[in-house]
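The structure follows.
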Amino acid sequence: MRRAALRHCVVTELGLLCASFFARPTGSPDAEASMNPIFAADDARIAALADSLIAACNGFHARNWVPATGGNFSARLDDGHMLITASGVHKGELTRRDFLVADLDGRPLEAGRKASYETGLHTQLYRFDPAIGAVLHVHSVANTVLSRRHDAITLRNYELLKLIPGIMEPSTPVTIPVFANDQDIAALSRRVDAHMQEQTGLPAYLIAGHGLYTWGATVRDAKHRLEALEFMLECELWNGGKNHE
Amino acid sequence: MRRAALRHCVVTELGLLCASFFARPTGSPDAEASMNPIFAADDARIAALADSLIAACNGFHARNWVPATGGNFSARLDDGHMLITASGVHKGELTRRDFLVADLDGRPLEAGRKASYETGLHTQLYRFDPAIGAVLHVHSVANTVLSRRHDAITLRNYELLKLIPGIMEPSTPVTIPVFANDQDIAALSRRVDAHMQEQTGLPAYLIAGHGLYTWGATVRDAKHRLEALEFMLECELWNGGKNHE
Amino acid sequence: MRRAALRHCVVTELGLLCASFFARPTGSPDAEASMNPIFAADDARIAALADSLIAACNGFHARNWVPATGGNFSARLDDGHMLITASGVHKGELTRRDFLVADLDGRPLEAGRKASYETGLHTQLYRFDPAIGAVLHVHSVANTVLSRRHDAITLRNYELLKLIPGIMEPSTPVTIPVFANDQDIAALSRRVDAHMQEQTGLPAYLIAGHGLYTWGATVRDAKHRLEALEFMLECELWNGGKNHE
Amino acid sequence: MRRAALRHCVVTELGLLCASFFARPTGSPDAEASMNPIFAADDARIAALADSLIAACNGFHARNWVPATGGNFSARLDDGHMLITASGVHKGELTRRDFLVADLDGRPLEAGRKASYETGLHTQLYRFDPAIGAVLHVHSVANTVLSRRHDAITLRNYELLKLIPGIMEPSTPVTIPVFANDQDIAALSRRVDAHMQEQTGLPAYLIAGHGLYTWGATVRDAKHRLEALEFMLECELWNGGKNHE
């Protein structure tokens, strides 16, 4: 019931998101929908999630972590849907229009829209763990250079490791695996899934020459984890990546 | 006919571009021109192209890719004209006044203005390929340092290579040639042209100690390609430029 | 008398700080408090100190010196109290709400609030020297990388050393000690205190993998010292940290 | 006559500069002075010079070229006076109040103000060459690190060398001397002067561990030269400073 309402609402309200800079005619289906308090509430929630992803992404672009159309960002809407950046949009100039709603098989709910090429890596995470509420993927110089050099990056003795769930002591090593890059996203996503089934509590992973994926319960949590990881990877880059596999 | 109209319009409307912060007297030739819907449309298009080059350039300057007056930016107007930055203007403070219209021999249409010293490198590209709609030239630390060290830079195994037209697999190598710097722009432009005739599909080139030229169908496309290339060159700089010629 | 007034005022006025974006009902205790000129003056002073820490911190975040929730900031209010960032807040998005008042044993005056985990390192400094008016702790890439490599960093022959109190000649060496990181903040704070009792005039210290603590008579002084130290540490990072212990 | 008028005007109008955020009482000497068109014009010119130095400096601080109170900025007012930053002011937060007018012996015209410690290095330049209209001194990581390693930095094969007066070919080498740091500014300034008498056309110099001095006919020219030099020094830093003395 709730999901059906959301599905309808989303299709309707995405139009509203896209049209948010324009006046909407009184009496139109959109106007009626927005008088429905449930729809209106969902619309506000979707808009707030988009805005929070946009704000995070503007900060990442300023740091050169999402050059051009690189990177993807998503947030879970419910147990069957997510909000995700559309394919091919510039990550320093995102607007609400650059997001779409897709189900957890990666199918956009609105006809004619195309989700990010790497949608399958987002859906893998949302299906793997219902506690994951947001997924962030960035290409920084540090994560790209290190991911091309090593098979895994082990971080240790950084105070910021305490931002990783379950890490209470900075001396506890945290290993970020590096997967080989693959244009077959379904196959890559299965390899990630198999790894995560074995190594529980993984906080992030790298794809060689392609960047970092990390996540969290909320956009805020995922952003904090991302900033901490990118900081430690930049330190490792200055260290010359010694002592990694 | 269309070209003649544009030529007239450009001469007229460049004044309009330059005067855009001031009121224009009613009944003046400019005011009449702007009542002509064709002229008005062209003016808006020229202003929009200038604004889009300015916005891109502000971002490049913030990243230190266009120190002082370094760099040049242009966009095609039609099959015989382009909008290009004037000579000697600071690239972090561009205004509409800092652009001029020139034909594809590099001659400014407005008397008394001087196009960028490197105009010939822009006209070579517009003449070489009618699909090129914008040309961006920047001096970044990464492209400058690498262009002084190597005769060519080969990029491989970067996901962002997929932003280069024709590249579907990040494992496909893309070679960016480095031309020796030359104050004889006509001679340099002939060498570039000869290279591009031989090596079709070239996405960009470097000039030693002088920076990167890249292009695209639109300002947006060229900017995306530039951001992707500069990102990969910065990664190569951290790699110490190993494995390049 | 003055302290009692402040203590009362602080409890009252912190609510005011937190509520500063909302209207306050006329006739409420807060409204009465703010009619008391002493309370109003204290409130303005607390708000001004918070704003000055926020402004400093925004600059530090822009330079990537306080990734995610890393770093802590405080300012002395009187001989028994300080204003300090709350636990777990993002340092690039601080608002007045993210500060609390604590006594110099680190106990928040307002029930239900939690001071930064590292409060004990701030209170050690305020108790050690009554002339210390502000304490800043940041995690930069330079200070983190160097603090993991060395047991002490000696700075010499930098003009900016003259920003360190007592240094009149840039050739005078200044040694910044590196303490081992420790999750037992009380123990770490005792080691810092013992060191400062022996080595008078210490301007700053590092904690391995954890960052820099520095201070000054005012937020402004501490910020100037921090900018100077981070600049010299970044120079040392480029030098490869030669000649350090 | 003109100089006497300026001298009077400056003393008067500096008060006006300092008071520019406040209302000035009608009928006061300031108000009368500002009714004198010559004084008013000079005031506007001084304010414009201060604003142009402030704008330049904000850009330099954003790039971390003027940490804390490091750096000094000045512009010539006439053949006997300059506008210069006051002593000890933060270079990322300059306002018009942070400037003062001094004669070319470095004496502030307004009682009670203190010019920058390094005023003598500015006056040396204005006395040495009447064509110098602005002097900029910055501490960047690149110029500081290189100035500590080398006795001179020779730049060659950078297109941006053409921003140095007299350089038409990027292959022409330009040598930036490095002077030993000295707290006796008068002595240091005599060494600089002796060097400039011998090596005509010097575009800039470094002081070891202390930064770069450069200049130009206008603030704009000096800023362009500075951006070009800092860019080339940053390239040299990545090159490891090979091939320098």
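Order of writing sets the labels: A, B, C and D. Residues in every chain begin at 1.
Methods note: a contact is a pair of C-beta atoms (placed from the backbone, for glycine too) under 8 Å apart; a residue touches a chain by one contact, two chains touch by 3 or more.
Computed from a predicted model, the values in this text were never measured in an experiment.
Novice: Hey, how far apart are subunit A and subunit D in touch steps, shortest way?
Specialist: Shortest path length, in steps: 2.
Novice: Through what angle, to the nearest 5 degrees, does subunit C rotate to match subunit D on its C-alpha atoms?
Specialist: That rotation is 90 degrees, given to the nearest 5.
Novice: If more than half of the interface residue numbers appear on both sides, call it same; otherwise different. Which is it for subunit A and subunit C?
Specialist: different
Novice: Suppose chain centres are the mean of their C-alpha atoms. Which chain sits farthest from subunit A?
Specialist: With centres defined by C-alpha atoms, farthest from subunit A sits D.
Novice: Compute the distance, rounded to whole Å, between the mean C-alpha positions of subunit B and subunit D.
Specialist: Result: the chain centres lie 33 Å from each other.
Novice: Need the CA-centroid distance for the pair subunit B / subunit C, whole Å please.
Specialist: 47
Novice: Can you pull out the residues of subunit D that are in contact with at least two other chains?
Specialist: none
Novice: Identify every two-chain combination in which the chains touch.
Specialist: Touching chain pairs, listed by label, come out as A-B, A-C, B-D, C-D.
Novice: Help me check something: in the complex, which residues belonging to subunit D touch subunit B?
Specialist: Counting only subunit D, the residues touching subunit B are 59, 63, 157-160, 163, 168-170, 220, 223-225, 227-228, 230-231, 234-235, 238-239.
Novice: Which of the residues in subunit D end up touching subunit C in this complex?
Specialist: Answer in residue numbers: 64, 67-70, 90, 92, 139, 141, 144-145, 148, 181, 183, 207-211, 237.
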